[in-house]
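Look for chain A in each of the two complexes below; its partner is chain B in the first and chain C in the second.
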Partner chain A sequence: MARIEIEHLKYQYPATTKLALDDISFSVEPGEFIGIIGKNESGKSTLCQAIAGLVPNFYKGSYGGKVMVGEIEVKTVEVNEMCKTVGIVFQNPFNQVTGSKLTVYEEISFGLENMGIPKVEMIKRIDEAMELLDIIKYKDRNPFDLSGGQMQRMAIASIIAMQPEVIILDEPTSQLDPQGREEVFQAVQKLSKKGITIIMVEHNMEKIAQYSDRVVLLNDTKLVAIDTPQKIFSRDDLDSFGVEAPVFTKICRGLHLKNEETGCYPVTLEEASRLFQRLVKEESHNE
Partner chain B sequence: MSKIEIKNLHFSYTENEEILKGMDFVLDERSTAIIGQNGAGKTTFVKLLKGLLRPTAGQILLNGADIAGMTVAQLAKHIGMVFQNPNDQIFKNKVIDEIIFGPMQIGMSRAEAEKKAKEAMAFVGIAGREEENPYDLGLSARKLVAIASIVAMDTEVIIFDEPTIAQDYAGKERIKDIIRTLRAQGKTVITIIHDMDFVADTFERAIVFAQGKAILDDSTKNVFAEKEVLEKAYLEQPNVTKLCQKLGYEEVFLNVYEFIEHQRKLG
Partner chain C sequence: MKSISLYEEKGSVLNKIAPESKILYIVAALVIPYLIGSRWVSLGFIIASILLLLSAKVIRKTVPILGVSGFVLITVLLIQGLFRAGNVTPILSLGPVVFYKEGVNFALGIVINVLNILLSFCVLILTTKPSDMIENFVRKGFSPRFGYVFISIFQIIPQMTETMATITDAQRSRGMETEGNLFIRVKAFIPLISPVVMSSLINTKERALALEVRGFNSTIQKTFLNDEKKIPADKWIQLGMVVAIVAAIVFRIVLVVMYFM
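Presenting the complex of A and B:
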C-alpha cells in the first residue's frame, strides 16, 4: 500500500498571478484517514488535485517540488494511468455519474470497461464494491432514481472497483441530508479500515473530528499544521485561520475543560460527554 | 409584514404518487426553517409558493389573496427565491448586470435597479465587485451574488434553498447575519436547510416535513426537543442538543453559548 510523500510542493494555475499552493510538505501513512480543513480558497481542492496528478498534468501551470504516491512520482505519470492508483470522488455525484448507463451495476462497470479489465475479474470487483458500499439492493435501479446519499455511495463504489490505493473525496457530503452524510462517512471509514488511504475535504468539523486520524490545516495556500483532531482543534489560534472548532470543543473551551489524558479539549460527542460525566461523579464524590 | 396561509395543500407530479399530502400552516413574520429528509417535498413546496407549480388541491393565500389568480411574474414582485446552486441562477457576464436583472424584470427603472443593486451588494458584503464576471468568483462569493440579486428585488418574502452549502465559517456567519437583518427589516424569511446547528442558531421557528406532511411545527427549541419525531423524519438534533440529551438534561439548549451559560450557573 502506498505512502504519500509531499515535499516542498508549490503550484500556480495558468493565467494567475498568485501561488495556489505554497511550499507544502507532509506525508501520509497507508490506510490513514486524513481530513483537510481551511477556509475557502486556502488551497484544499488544489491540494487534492495535486495528489491525484490533475495538478499539473491536466491543469498545467507552474509546478515545483514533488508528490510521491508509493513509488510513483505523480507529475511524471499520465492522468489516465494515475487514476488507477488515486481515485477522486466529486462534490456533487450528479457531476460524476456518466449519464449513459441505465443501471447502478452498469455505472460501476464503466471505469473497469475503460481499463480493459477481463469480464470475470470485472464481475468480482463490482460485486465487492457494491457489497462494501451496501448498495447491492439498488443494482438494477437507474442511477438518477437514487437518493443523494445512495448516489454518492454508488459514485464511491465505481471508484473502489478500480482498486485505487488512495481515495480523495472533495466535500462529498455537502449536498446530502444528515442521514446521507452519515452513510457516506461510515462507508468511507470502512474503506480506510481495509487499508485504503482516505483524503477528505469537509466543512463539517464534527464529522472531521469524529472520523479523521489526522487533520491537515491549510491557510492562504500554506500548510499550518498536520496533527490529531484533538491537537488541531485545541489550537488557540484556530479562529485566525477562519476555521471553526467542533461544537463540543467550543463548549469545553468555554468552560476550560481539557481532557487530562490528551491535554486537549474534547472533539467528539462521546469524548465531551465522558468528560462531563466524570466531572459530575467527582463532584458528588467530593461532597 | 406578509402572511402566507397554506390550506389543505396537495400536489403530485404523477397520478400514482402524491408528493404533498395535505398541509396546513401559516407563515408569518417569524424566520422559519423548513427541514426534512431529501425527497420530503421541501423544494416542491417552495416551487408552489413561487407559482412555478400549481396545487392539485388546496390553496396558498398571500396576504389573503389566492395565488392561483396570479401569474409567476406577478408573484415574483412579492416572493424572491435564492437557488441552492448559484450556477443554476446566474447567467450574466457582469455581477452588476446579474443583480439589476431581477429588479428591472419586476418593473424598476434602470437607475432605481442600480441603486437597489449597490445597496444589496454592500449588504451582503461584495461591494466593489460590480464589473467582475460572476464565474471568476469563488463559489462562496458567487452565492453572495445570487443572494444580492434577490435582495435587490426588495420582495416582502425571501426564500433561501440551502444557503450554507459550500460556505466556510466566515461565509456561514455572514449568511446568518443576512437572514437576521432581513427579518429585522420586516421581511418574511423562509429557508430550506439541512444544517441543524445553523437552524438552531438562526431561526425562530422550524417546520418538519416528512412524507409530504408537516409533522411538526413549533419554535426551534421545541422542535429540537422532539428526538423521536426527528429520528422518524431521518433528521438529526443540533450537536449541542445531542450533548444535552446524552447528559440527561431536561432542558434543551440550542447553541454553545446557552450551554456554557447553563454550566457556569451550575458552578
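Presenting the complex of A and C:
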C-alpha cells in the first residue's frame, strides 16, 4: 500500500491569476481514511486532482512542490498510468458513465479493457467490485437507467475494479438524494474496511466525523490543519473557515461537555451518547 | 434507455454473424449490380435482403425507414413518368395526365437502386450492435478513440436531447415563450442556447476527466470483455462475397474488352 507525501504543493490553473493551492504539505499513511473539508473555492477538488495526477497533467497550469504516491512522483506520470495506483470518483455520477457500453457489467469493464487486463481476470475483478458495491442485481441494466445512487456506486465499482491503492472521492454524494447518499456511504465504509486508502471531500460533516481517521481543513487555498475529527471540529475558530461542526459537536459545545481524556468535543452520536451516559452515571454516584 | 441505434437483439443467426460479413454484403449489393449493369441483379439483392430481414425478425423495423424514402420515391416516379425529357411512349392516361414508358422505366431504375441500398444497409444496422461492430474494428487495428466517439454517439446524443428538453422546460417555467410565429421561436432560442452550450461543455469536460482516469488514453494493447462477434461460417460468407465482387469486376472488364474488340 502506498504512502502519500505532499510537499509544498502550489498550483495555479491556466488563464487565472490566483493560486488554487498554496503551499500544501501533509502525508497520508496507507489504509487511512482522510476527510477533506473547507468552504467553496478552498482548493479541495484541486487537491484531489493533484493527488490523482490530473493536476497538472490534464489541466496543465503552473505547478510547484511535489506529490509522491508510494515511489511515484505524480507529476512525472501520465494520468492513464497513474490511474492504476490512484482512482478518483467525481461529483456527478451521470458524467462518469462512458456512454459507450450498454450494460452496467460492460461499463465496469471499460477501465480494465484500457489497462489490457486479460478477460478471465477482468471478469473476476468486475464480479468482486459489483458484489462489494452491491450492484450485482443491476448488471444487465443500461448504465443510464440507474438512479443517482446506483450510478455513483457503479462509478465507484468501475474504479475499484482497477484495484488502485488509493481512492479519492470528490463530493460523491453532493448530487444524490438521501437514500443515494446512504448507499454511497455504506459502499465507502466497505472499502475502508478492506484497508484501501480513502480520501474523501464531503460537505456532510457528520459523515466525515464518523468515518475519517484524520481531517484536512483547507481555507482559501491553504492548509489550515490536519488532525483527528475531534480536534478539528473542536476548534473555536471553525466557523471562520466556513465549516460547521457536526450537530453532536454543536450540542456538546453548547452544553460545554468535553471529553476529559481528549480535551475535545464528541463528533459522533456514539461518542456523544457515551459521554452523556458517563455523566449520568457520575451524577447518580454523586447523589 | 433511449438510444438512436436501431439494433434489436432477436437471437437470430444474423445477430451472430460478424459485422464485417454484413458490410461485405452491402458492398456486394451495391457494387455487383452496377458492374453487371442489370436491374435484375439489384432485384435479386432486394429479395435477398428482405429474406435476411425476415429471418432476423426485424422486417417491421424497415417500415418507417421505407415509409420516409417511399414518399420521395413516389414523387420521383410521378415526375419522371410525366415530365422526363425523351418521354414518347404513353402507357397510362388519366384524362389529360399521361404517363410515359421511358420516364417510368428510368424512375423504376432509381427506385430499385434506392431500395437495394436501404435494405442492404438495414441488414447491417438492424441486426448489429454498434459496439460489437466497432470492437471488431478496434481488434483489427481501428483507433479505439474513434471507436469510442462512434459508439458513444448512440447513447450520448439522446442524453443531450433530454438535457435540452429539461433546460427548455426550465426556461419555459420562467416565462419564455416557445410557441408561435417564427420570430417568437427564434427569440426563444437565444436564452436556450447559452445554458445548453455551457452544460454541454461542462459535461464534456467532466466526462473527459472520467475517461482519462479509467485509462482511456493508455497505450497498452486493449483487451475485450466480450468475445469477437463471429460464427464459423463467417469466413465462407466473406470469401463468397469477395469472390462474387471479383467475378463481377472480371465480368465488367471482359465486357469492356469485348466492346472495344
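Quick note on the criterion: the second predicted complex is superposed on the first by the 287 of 287 C-alpha atoms of A that agree within 3 Å, B and C clash if a C-alpha of one lies under 4 Å from a C-alpha of the other, contacts with A are read in each partner's own complex, and residues count from 1 in each chain.
Everything below uses one rule, namely that a residue touches a chain if its C-beta (ideal position, glycine included) is under 8 Å from a C-beta of that chain, and two chains touch if they have at least 3 such contacts.
All of these numbers come straight from a predicted model, not from anything done at the bench.
Shared-chain residue A:Glu171: touches chain B; no touch with chain C.
In the superposition on chain A, contact is made by A:Asn95 with chain C only, not with chain B. Legend: residue contacts after superposition of the two complexes on their common chain; A:Ala225 is shown touching neither chain B nor chain C.
Of the two partner chains, chain C is the only one touched by A:Met122; chain B is not. Here chain B and chain C are compared by how many residues of chain A each touches, and C touches more. In the superposition on chain A, A:Ile136 contacts neither chain B nor chain C. By the touch criterion defined above, A:Val77 reaches neither chain B nor chain C. Chain A residues in contact with chain B (one complex) as well as with chain C (other complex) do not exist. On chain C, the positions that touch chain A within their shared complex are 1, 129, 131, 144, 148, 151-152, 155-156, 159, 203, 206-207, 209-226. For chain A in complex with chain C, the residues that touch the partner chain are 52, 54, 58, 78-81, 83-84, 87-88, 90, 92, 94-96, 98-102, 105-106, 109-119, 122-123, 126, 142, 144-145, 155, 158-159, 162. Those residues of chain B that touch chain A in the shared complex are 37-39, 138-140, 165-171, 194, 196-197, 234-236, 238-240, 242-243, 246-247, 256-257, 259-260, 263-264. Looking at the complex, you find that chain A touches chain B at residues 38-41, 91, 147-149, 171, 174-180, 203, 206, 242-244, 246-248, 250-251, 254-255, 269, 272-273, 276-277.
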